[in-house]
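The structures come next, written out as structure tokens.
In what follows, chain A forms one complex with chain B and a second complex with chain C.
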Partner chain A sequence: MNALETLRADAARLLREGRAKVVIGYRTRGKERAPVFITDASGAGSLVYDAACRQNLAAYLRKPEVRARRPAAVVASPPVMRSLVLLAAESQIGEGDVVVLAVGPPGEGGGEGVYHGALTLAETARLLKEKYALLAPRPEVLDRIKSLAAMSAEERAAFWSEALAKCTRCYACRAACPACYCTVCIVEKNVPQWISTAARPHGNYAWNLIRAFHAAGRCTGCEACEAACPQGIPLMLLNVLVAEEAAEAFGIKAGYDLDAEPLIGSWSADDEEDFIR
Partner chain B sequence: MSSQADPKAREQAAFEPRIVALVCTWCTYAGADLAGTSRLRYAPNVRIVKVPCTGRIDPLFVLKAFEGGADGVLVSGCHPGDCHYTSGNYHARRRWAIFRRLLEVTGIDERRLFFSWVSAAEGQKFADLVNDIAEKVRAAGPFERTNPARRRP
Partner chain C sequence: MKIVDVDKLSDLAAALAAKGYRIVAPVRDGDVVRLKQWKRGDEIDLDAFTVNSVKDFLMPASEVIGRYALDGDDFAPEAVAAEAPKTVVLGVRPCDAAALAVLDAVFNWDYADAFYNARRAATTIAALACRQADEQCFCTSVGGAPDSTAGADAILRPADGGKRFIVETLSEKGEALVAAAGEVVQEGEAAADAVAEVPVRFDAAALAARLAENFESPLWQTLSLACLGCGACAYACPTCHCFDIQDEGTRRESVRLRNWDSCGFGLFTQHAGGHNPRPDQAARWRQRVMHKFLYFAERFGRLACSGCGRCARLCPAHVSMAESCAALMAARKAAKR
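Right, the complex of A and B next:
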């Protein structure tokens, strides 16, 4: 049996044995891949996994419909596995709430794909550390960050003003992100109105910066936000910038450790402070 | 004559920087108070916003200041180990380390954004700091046109 057939068989078995009440995976919809919620073992045959699966299915775990069907099994590539570990570290899910149907990144194992089996959260964290500890952002993203750093402040402001001018604040980036699980988001708080709701650039700037900041030390690099953005805003530039800083300055890589302390919310007496006078 | 004709040079000459200082009530505000009671002269360009602790300073405060037209922002509080609430400044330090990167890459760099520790005994340090910041922001020029966070009608 190849990787995909084993995945389907595992999904069917979990449902049959009652070890999962729902399997969240991907199905084919034309050239795209859409999420699918399977509650009966006979539906497991529709599961697929390939490079076109860009959505992070861990984002569904916060939905009340899914919470009512725990344990849920989730098809998870390494960044999605990291999201699941992050959610566990932040006490949003616990061992027993999810079964991780762990797949390797698309293309691993000679195009056929790799399936690691139905794992617990502890096993997932172990797998990530052993096999996927060196997950790095795409080189194009790092290159663009480098070229931005070489610009003057005015050029950088112009670049972002143009990029963010397209933002309609539809919050698709927020909906796509498993780390964005606040029931009342800062943009919905209006006493006071911190982030302007007017159709003007300053609200776009504030929203996009604060979104990236709230994901600091929590973004697992799945790129679902950028894929979801209908305006093609390069959100990963901000996410990766923050993630690199978190790793370099504080040694924090999100989603590898079930007992991790949060980046923002913990501190150390010898944190960097060369920028403070 | 030529500088009089050049509108940009005229704007620069008439430019008085607007600087927002977000300071904690226990250290830097008391330090600023000491500078005042000691009759120290410092640049009048700074508008002080007093908050209970640097840990209270949400990055949104900084954004709001730039949104409202600040040319520069200073964030200042107690030295490490001196926090009235034990660890507020440690939490803040980490937050700034990350957030300043986001501001930097989007066009608000270290010519506009400043961080410092000023204790209640450091009136002189506060006066010198504000003078230095006012000088730097003046050199950077008006932020109105290039400020990416600026509220525009």
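Right, the complex of A and C next:
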């Protein structure tokens, strides 16, 4: 059996044996890959996985309707596996809630793809460390960050003003992100109103920067937010910049360690800054 | 007949701009094509599907509709007029043009909205018949057509294998537009190209009857499972018109804003006391479908969907209105309570 057939067989077996109440994967709809929620083993044949699967299915684990169907098996490429490990580290899911149908990145292992099996969260974290420790942002993203860094402050401000002016505040970026699981988002808090909800420069800057900041040391680089943005705003530039800061200043790379403390929810007595002590 | 060459589109825009029109046209912007204010040098891209609709220029995502000053107990409102420059939107798809009737109905229902109507009166719609459709297009399922003239002041019909357009005027605004275009639009002969074929996905009248009987259907849970609860569909939709009024300011002065809102958000129906009459995404997705195909039709005699397919094209979770409607038609009538 090839990788995809093995994945489908595992999905069917999990459902049959009651080890998963739902399998969350991708199906083909024309050129698109839409999410599919399979509850009967006979449906496992519709599962696919390829480079067109850009949605991070771990985002569904915050939906009450999906949480009610745990344990859920989730088709997960390495960035999605990292999201699952992050959610576990942040106590949003526990071992036993999720079975990870671990697939390699599209293109790995030639045309057929790679399937690593139906894994526990602990096995997923081990696989990530052993095989996918060096996941890096796409070269194009890093190149754009370099060219942004080479700009003057005025040029950079002009770049972001133009990019963020397109934001309509639909919050597709937030919806697509597994790390955005707050039941009440900061942008929805209105007593007081911290962030203007108007699709105007002031609030757009505040919203987009605070979204990236709240993902500091938590973004797993899946790019689902950027794929979700109807306006084509290059959100990964912000995410990668913040992730690089988190790695450099705190040695944090999100989604590899089940026991990791969240960057913006922890502190250390050894911190080199005085104000924290 | 009146014709304009396809390589004269920029000249057409320039000629109209010279006559005082603000030009809005589909222009490539990074990875997407959007309707935006055209400026000299921008290439007009009439082939792509834009990520936004004409709605953006009639009912913007955020609009100042009032200002007031506060000084102790004194309250001084300040009138705000709509910014409504004379505008032509070039290359509007027939689905977007047809959608304007929905906005016109709502914004002149029990109250004539000064902001919307000022912009609407100042806007000329130059539509473009579709030569190509994609798999998300479903105008023919909701009473539209790829060459419909509904809502348009003029229409460009692709001709001679895409080399030129036949220009047809449909209203006084359209005639004024062609007059303003001057010699860019010429008398000539051209053979109209075949219009796009858009398969019918569902029967809208039968769907309305099905919806009326299926408020309690368990299908809503299934259909909404993929929905992540953002506003991408509503904001991209040429007919969605829900808004939120926000006051922003200090103790001294404030602005009153009208911002887009979406029934997909849980907050849309959240009560101050904590109760939410639409407690889950199934209830919200049901509302979205019901409003477009049942409630709006009952109230205004037309559907609140023009089949543009943007919602499905832009949904981060690939939820499709046409697919939902087709699934509702396929399902058996749910047991009534």
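Please note the rule applied: the second predicted complex is superposed on the first by the 267 of 277 C-alpha atoms of A that agree within 3 Å, B and C clash if a C-alpha of one lies under 4 Å from a C-alpha of the other, contacts with A are read in each partner's own complex, and residues count from 1 in each chain.
The rule we apply is simple: a residue touches a chain if its C-beta (ideal position, glycine included) is under 8 Å from a C-beta of that chain, and two chains touch if they have at least 3 such contacts.
Quantities reported herein were computed from a predicted structural model and do not represent experimental measurements.
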Superposition-derived comparison: chain B or chain C, residues of chain A touched: B
Partner chain(s) touched by A:A58 [first = chain B, second = chain C, both, neither]: neither
First (chain B), second (chain C), both or neither touched by A:C170: second
Contacts of A:L15 with chain B and chain C, given as first, second, both or neither: neither
Chain B versus chain C as contact partner of A:A224, first or second or both or neither: second
Partner chain in contact with A:W267 - chain B first, chain C second, else both or neither: first
Touched partner set for A:S196, first chain B, second chain C, both or neither: both
A:R33 touches, of chain B and chain C: first, second, both or neither? second
Footprint overlap on chain A, comparing chain B with chain C: 196, 200
Chain B residues within the chain A interface of the complex: 58-60, 63-64, 67, 80-81, 87, 90-91, 93-111, 114-117, 129, 146-153
Contact set on chain A toward chain B in their complex: 145, 148-149, 153-161, 164, 186, 194-196, 200-202, 205-206, 209-210, 212-213, 216-217, 237-238, 241-242, 245-246, 249-250, 263-269, 271-273, 275-277
Touch list for chain A against partner chain C, complex: 29-35, 37, 55, 59-60, 63-66, 166, 168-172, 174-176, 188, 193, 196-200, 224, 227-228, 230-232, 234
Complex contact set, residues of chain C against chain A: 29-32, 34, 51, 61-62, 135, 221, 224-226, 228-232, 234-236, 244, 246, 248, 257, 259-260, 262, 265, 267, 280-282, 314, 316-318, 320, 323
